[in-house]
Amino acid sequence: MNRGHVYRKILGRIMEGVCLVAAVIAVLPLFTFLWHLFAQGFSSLSFSMFTQLPMPPGELGGGMKNAILGSVLVVGLATVVGIPVGIGAAIFMTEFAGPTIASALRFACDVLSGIPSIVMGLLAYQIVVVPMHHFSAVSGSVALAFIMLPVVVITTQEMLYLVPHSLREAGHALGIPTWRIASSIILRAAAPGVLTGMILSVSRIAGETAPMLFTAFGNPYLSLDPKSPISTLPHMIFNYAISPYDDWHRLAWGGALLLVLGILGATLLSRFILWWHQRSLNT
Amino acid sequence: MLRHFDAELRDLKFSLLAMAGQVEEMLHLTQQSLSERSNHKAEKVSQLDKYVDEAELKLDQACIDLLALRAPFASDLRLIASSLKIVPELERIGDHCCNIARRALILNVQPSVLPGDDLERLGADTQSMVHRAMDAFINGDPDMARAVIAEDDRIDALYLHIFSELLRGMLGDPLCIERSSHLIIVIKNWERIADVATNIAEEVLFILEGVNVKHSYLQAPNP
Amino acid sequence: MLACKDLKIDFDKKVVLKGVSLHFPANKISAIIGPSGCGKSTLLRAFNRMHDLTRGAHVTGSVTLNGQEIYTPGEDPVLVRRRIGMVFQKPNPFPTLSIFENTISGLRLSGERNSARLKDVAEQSLMDAALWDEVKDRLRSNPTTLSGGQQQRLCIARALAVNPEVLLMDEPCSALDPIATAKIEELMFRLRERLTLVIVTHNMQQAARASDLTAFLWMGELVEAGDTEMIFTSPKKSMTEDYITGRFG
């Protein structure tokens, strides 16, 4: 019996070791990538990145002001449309729709969220770029909105489901109309989670490159006209990275670092919101 | 579902029945002390009263405890509440027996003034009423309880008959006034015992049927 | 005043109430008792049309408030629920609203804007619910800081603020300790003066203590209903007798 016990112990330790190795392998790329990113891109992070336009190849310096502002515009437009529509759809699914309609809608969102972003770009091309006869920021926003919508709907719906049913009952028993219960009570109760979902969906679309290739198209100059082509940060990183110029490579790394720092910031912000909300509930 | 409480209620009923048994023994001895002119039996009655008093104290406490600890409803409540009323009634019967026994001691040394067996019949009928009231209680027999209640009038009539005989006797022969006065007290006590038996039967009806049949002249007629 | 006739309720063909007719007099406390699963909560929820919100629920029969049918087609259930309020078993104040906001939520979320009136109603309702003294200095704080009994009284205040004629209470004290329960029962006696109360309870002692009328339900059917004193001293049906003495159920 003693031998069997020792054997089991050893086996347990081995398995634990194997899992540890697997975990390290899984996380290693993240650290490698971050290390590389910081090493390469940190030097190009400077004030000029935000204030200067790109220089022609060969000339040193220059920044990514147009791409940064362009991303803000395109993502901003997408958000303005995507978030309210997404939340509205989620409220419809949880508070108004019957079980069959709700699950059908949920299925549609699940499918949509799995569609590659380049396909969404193609769709936006077809329905915005072609009728307008030219590329535009608006078409980029449309593509991003399509990508963002299922994410917003799914996360909002999950958060709304977490709100206890007793609150809805209480609202109904008071004679409050259903839409009011949904907006003023349920949504408010789910707000931290919904806000987190919103932040995460924004940070997801901020990094989309493929759809921008044939919707926003890119623009070497600063342009904030929604009807014109516009430069976006991921697109510019792509262009610079595949170029033969070292200077542009350096800027690309800088842009990539900027993007990753933005996403990291967004994730931290959403965690902070959740923590702060939890803390205010406990006081 | 048999409850622990059911065992406690059964114990209550049997304790009440045991107390009633003591009281019936006292009634029996009281009757015999008169009919057999036995002073020995008359003294025995007074001795037995102590046990009846003890039983009253124990049963009072048992009923209060059950009310406090078991929060009874419906028939359980009626049983306990009525038991609380039956217990002092039984004790009162015991007291009446003692009263009669005391008179018996005085009467037994003198010749009898009542011809016939009216006095014996009064005693026997009263005893029967008490016995049947307790039978109705332990057997859950409402009809028997009703029968006991109905007999009270007959006992009253018998009492009045003996009373007027004694009065006539006193008017006719002043020498028997003393003896007759004691006898009047005796028959009065028997009559009171019969009243108490009627009360017990009314309580039994309340336990069994939830209807309070007392003071029928005040009750509204049934719809 | 509040009555139902031949009320039958089924959920996806599973019959829960088999035809119940009851009458709850005005300004009295009526208790509905019965074992778990007998349909008491289902019956209670029929009175404020809560089953409208449940898919697969079918309600037939009549429910009237002061003679007016509340299930007439076209009658907005929201309006019914403002006249017939409800308090639930587990206190459910809205966690993201303050105590003050919770109290007036029924009014404000139905369109009332006048802030002076809202303040008055809040104070009055919290006083009616015997909670004002305990919360008047912290109306802006979160209701989760209140004890269970206080939260339940807040829910009562919230229901009273809408000024209903009837208050339905679904086992309101089963999540509370005896002292909190006693406070709510005292509150019920005071509320009786201006409201009709119907309470569902599985606690026999509470029904005996706190109600004027008691109805006993068994497997979706009404077995007996009557004055509480009669039901608890001399019930007419042996099934009622066996249930309240604990011989089954």
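For this structure, a couple of remarks:
Lettered A, B and C in written order, each chain numbered from 1.
Following the convention adopted for this analysis, a contact is a pair of C-beta atoms (placed from the backbone, for glycine too) under 8 Å apart; a residue touches a chain by one contact, two chains touch by 3 or more.
Keep in mind the model is a prediction, meaning the values are calculated, not measured.
Fewest steps needed to get from chain A to chain C, stepping only to touching chains, is 1. Of all chains, the one whose CA centroid is most distant from that of chain B is A. Ranked by number of C-beta pairs in contact, the top chain pair is A-C. If each chain is reduced to the average of its C-alpha atoms, the one that sits nearest the average of all protein C-alpha atoms is C.
Inter-chain centre distance (chain A to chain C, centres taken as mean C-alpha positions): 47 Å. Taking each chain's centre as the average of its CA atoms, chain A and chain B sit 95 Å apart.
Remark: chain B and chain C have CA centroids separated by 52 Å (rounded to whole angstrom).
The set of chain B residues that touch two or more partner chains is empty. Of all the residues in chain C, the ones that touch chain A in their complex are 48, 50, 53, 55, 78-82, 85-88, 90, 92-97, 105-106, 109-110, 142, 144, 155, 158-159, 162. On the side of chain C, the complex with chain B involves touching residues 204-205, 208, 232-235, 240-241, 244-248. The residues of chain B lying in touch with chain C in their complex are 1, 3, 5, 71-78, 209-211.
Against chain C, the residues of chain A that register as touching in their complex are 98-99, 164, 166-167, 169-177, 180-181, 184-185, 188-189, 191, 281, 283.
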